[in-house]
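A, B and C are the chain letters, set down in written order, and residue numbers restart from 1 in every chain.
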Amino acid sequence: MKYAALVVKNLARSKRRTIFTLISIAVSLFIFSALVSMPAVVNRFLADPAASNRVACHNKAGVTYGIPEAYKQAIAATPHVEAVVAQSWFGGIYHEVADQFPNMSVDPEQVGAMWPDWEIAPDALERFQHLRTAALVGPETMRRFGFHLGQRIMLRGTIYPFNVTLDIVGTLNGKAPPSFLVFRRDYLEEVRGRPGFVDVIWVRVDRAANVPQVITALDENFANSSAETLTEPEAAFYGNFIAGYRVFFRMAELMGILVVFAIGLVAANTAAMSIRERRTEIAVLRSIGFPTRTILAMLLAESLLIALAGWLLGCCGAFLLLRSITVQGVVGAIQMPTSVLFIAFAVAVLIGLVSAIVPASAAARRNIVEALRAVA
Amino acid sequence: MQRAAHSEGAALRLDTPTPPAVELDQVRRIYRRDEFAVHALDNVSLTIPPARFVAIMGPSGSGKTTLLNLIAGIDHPSSGRVAVGGEEISSKKDRELAAWRARHIGLVFQFYNLIPVLTARENVDLPLLLTTLNKRDRRAHVETALRAVGLGDRMDHYPRQLSGGQEQRVAIARAIVTDPTIVVADEPTGDLDATSAEEILNLLGELNRRFGKTIVMVTHDSRAEHHVDEIYRLDKGILTGVEPGRRRLA
Amino acid sequence: MTIPLKYNARSLIVRPVTTLMTAGGIALVVVVFVIAMAMVAGLDAAIEDAGSPDNLVVLRRGATTETVSGFTIAQFEALQYLAAIRRTPTGEPYASPELPVQVLLDRTDGVRDNVILRGVRPIALLVHDKVHLVAGRMFKPGLGEVIVGQGLLHRYRHCALGAMLPAGRRTWKVVGIFAAGGGSFESEIWGDLFQVLRDTQRGDYYASVRIKLAPGADADALIRRIADDPRINLQAESEAAYYKDQTVTADRMRSLGTVAALIMAIGAVFAAMNTMYAAISARTTELATLRALGFTGGAVMLSMLAESLLLALAAGLLGIVLALPINGVSTTFANTVTFSTMAFSFRVTPAIIGQGLLFAALMGLLGGWLPAWHAMRMNVVDALRSL
């Protein structure tokens, strides 16, 4: 540790260069961690264990095809099924065409049992069960349109030629997608005047281990009927919609990798420049008797310190920034997963070491006599 | 100056008759430059007794610096034997040499070669980092060394705030702070004006007298003749003669 | 009096490692920029190329896209014989009632995607003039036949000519493959309107009508007529305007790519500054000599800026060369408007190449500005003394 002061002094030698490199690395790690966060958030969402014993039963042909509402009774009677909620998409907009957000109707009776991870307050749940026009709204949508509890709102139909008037009775919390709005399906059916078909029937299975068994039982039960079903775990169901974004995520990852190479070049350039300038000094240290590995360690420590400071600045910046903004959509808010912090840390360490290793080891091993002569 | 860091070296010397400070036996150093072999040193043998202040003189390209580098253990002879303080160094590996230099050699360069981002105190502290001394002892050693070179009032100055002569004093303090077996100086006055050069030569002479330090100095500064005990003359890589300096007369 | 550019080019060459590493950083930024923009251009093209200039899209009032639109067959009947709509020689109007539905299809890589199955009548091939068969023939109504867009070939199972394709609740026979000039129709399956309608079991309704204007007809008058006629009461707009609104997906990608490239560019600018500062400090005496020879400070600054610009432009070219292989690579992307997947190809257009170079030049100028300014302000006497 007695060499630490020496390392710090060397970093302060060319403050401008150190700061520029630091900014360069920080900015790059910032964009890197933001880019890598996007796919990571989705993967985490799809792998959420809380959703692992929820399955979606829908028409084999596609969600738009719909399945008979009557399937609910048959599903509820299936062994290991704890709760059944039918859902129909409404897809309404609030005032403007651009005001799109996910909104749908669900059967009110078992909402609490189906989505315990949505952490709906008990009194809100009760109001939802009693008021026909009740709606539960995610925090992001609440904020976006300035909604408040008790407010009466009107959603314009886009698929349907009618509007619905809703009363906000509570909020969705916990792991609920923050942009969701759910209201009662019996209300939609009433306005719709064409009851009988639903988009999806959500099924809660008692234990995750029984999920495959329930899926098989349901799909076999409805095989050869007028509406054959495809039952999927929640993650796979949402995966169908997210699948189309794979290119987007692959792009984000590709860009992330390019960014890492770019930082690597910047850091290596700085290390090479700062070490080249000090060739004579390094030779002097060696002539004094400093062992090669000590000198190497000091040079690497220098580069590592810059890279880690860049990590601290860039990654934490991205972490806080992503925390403060949310992006609407099924997935909800983009928050940097802790794993990305670690990945970025590893990248920083790697860049710190790799960028300096070549010039540093060359300088630390260079013939002292020639290095000393170079000055004279 | 006290031998604080490496007492085992001192103990060794008490048991045996004091060996010569430097002993070269038929040393050759050949450089390969492209196709040509340059004989920088050709069959040089010499013995420098302990506690002497000697100068190696000769024209440019005579092999002075090569000789000094061999004594300092920063270069290897092509053949022959180099011993410093009775210890053969020509057979040592690079890694052992580094540790050996830290203990036994103090180096002074023509262009001082101070680390510009470190203060005088920190520059002198550098070699002590390689010892097991604690912070307080290191501080004490550094201050002793800086006072010995007359810079007790300039300890926290950076090299760029010092004159050339003062910078060279800091370099000398750095060379003596570990109490090395010998101090090796390469043209220590080469970049200095007359007054500063005279001061540096006086300082080296005084260090030799007060602390009994062996000092080997390469120079083509004729003033040096008045300060040293012996002068070794080199020409074209060959030792052409040894003559007494005029120190006693001065 | 300006310092010749040759001097700068040689200065860059004598420090190859630093030059290459700095250029590499800038080049990678350009690569990111070009790839992102090529994706946006590809998406834009896929969506916009679907339209024809003299076509109108008719939807239910308030509907933003076909997938959320629906109206009765009576409304269509009232609409199709309007005078402004072009007719075939046999008197059949160029009015194509359509019903696109999303069906789950198995990809060849084992995943499932939503794809559009569009119920149409044979007139559709005349109205969508960019759509034409490249293999096989048009489906015959009522026989359970479909034609498949060539963007789906090889990406999805059972799409080859002659294959039996399960889509929706039934299985269809593929009798034709069609192209649509790279537009999003190429990622669709087209089948008989009435059979698709029956397959969905959702009652009798159409989602949209595509109409082609008769030569010389007034589009605005027709749009007004469609809206105001109480028997029709639908909303019409030109296909161009309709697809323009649908490029939000591409817009999102555009902003992501631009922001990513911009932030990376900030990093690259600082890296370039480091390089230029190092280049200048290594040449302090040299530059001072130039000044002593009579070159002005401005000339030195210009020369340093030129050097930075030269480096950045070379890097920009390198980046474009590195990114060029992405051109023409085709892949699929979620169309967030139709909730279905569409195929598109990356397009590195000349405009994107130009923008990439401009972007690189900007990085060079920004990165060179401060160091060049310092070079101009350098004290000649001090700099010469440091020799």
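Simple rule for what comes next: contacts are C-beta pairs under 8 Å (C-beta built on N, C-alpha and C of every residue); 3 or more make two chains touch, one makes a residue touch a chain.
None of these values were measured; they are calculated from a predicted model.
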item: Chain occupying the most central position, where position means C-alpha average; value: A
item: Farthest chain (mean CA position) relative to chain B; value: C
item: Rounded Å distance between chain A and chain C, as computed from the means of their C-alpha atoms; value: 25
item: Chain A-chain B separation of Cα centroids, rounded to whole Å; value: 64
item: Centre distance in Å when chain B and chain C are each reduced to the mean of their C-alpha atoms; value: 72
item: Complex contact set, residues of chain A against chain B; value: 2-3, 5-6, 9-10, 12-13, 280-281, 284-292, 368-369, 372, 375-376
item: Chain C-facing residues of chain A, complex; value: 16-17, 20-21, 23-25, 27-28, 30-31, 35, 59-66, 91, 97, 156-159, 161, 194, 197, 226-228, 230, 239-245, 247-248, 251-252, 254-255, 258-259, 261-263, 265-266, 268-270, 272-273
item: Residues of chain C that touch chain A when the two form their complex; value: 17-18, 21-22, 24-25, 28-29, 31-32, 35-36, 39, 60, 62-64, 68-70, 101-104, 111-114, 167-169, 199-203, 253, 256, 260, 263-264, 266-268, 270-271, 273-275, 277-278, 331-335, 339-341
item: Chain A-touching residues of chain B, taken from the complex the two chains share; value: 69, 72, 74-75, 94-95, 98-103, 105, 107, 109-111, 113, 115-118, 122, 126-127, 129-130, 135, 174
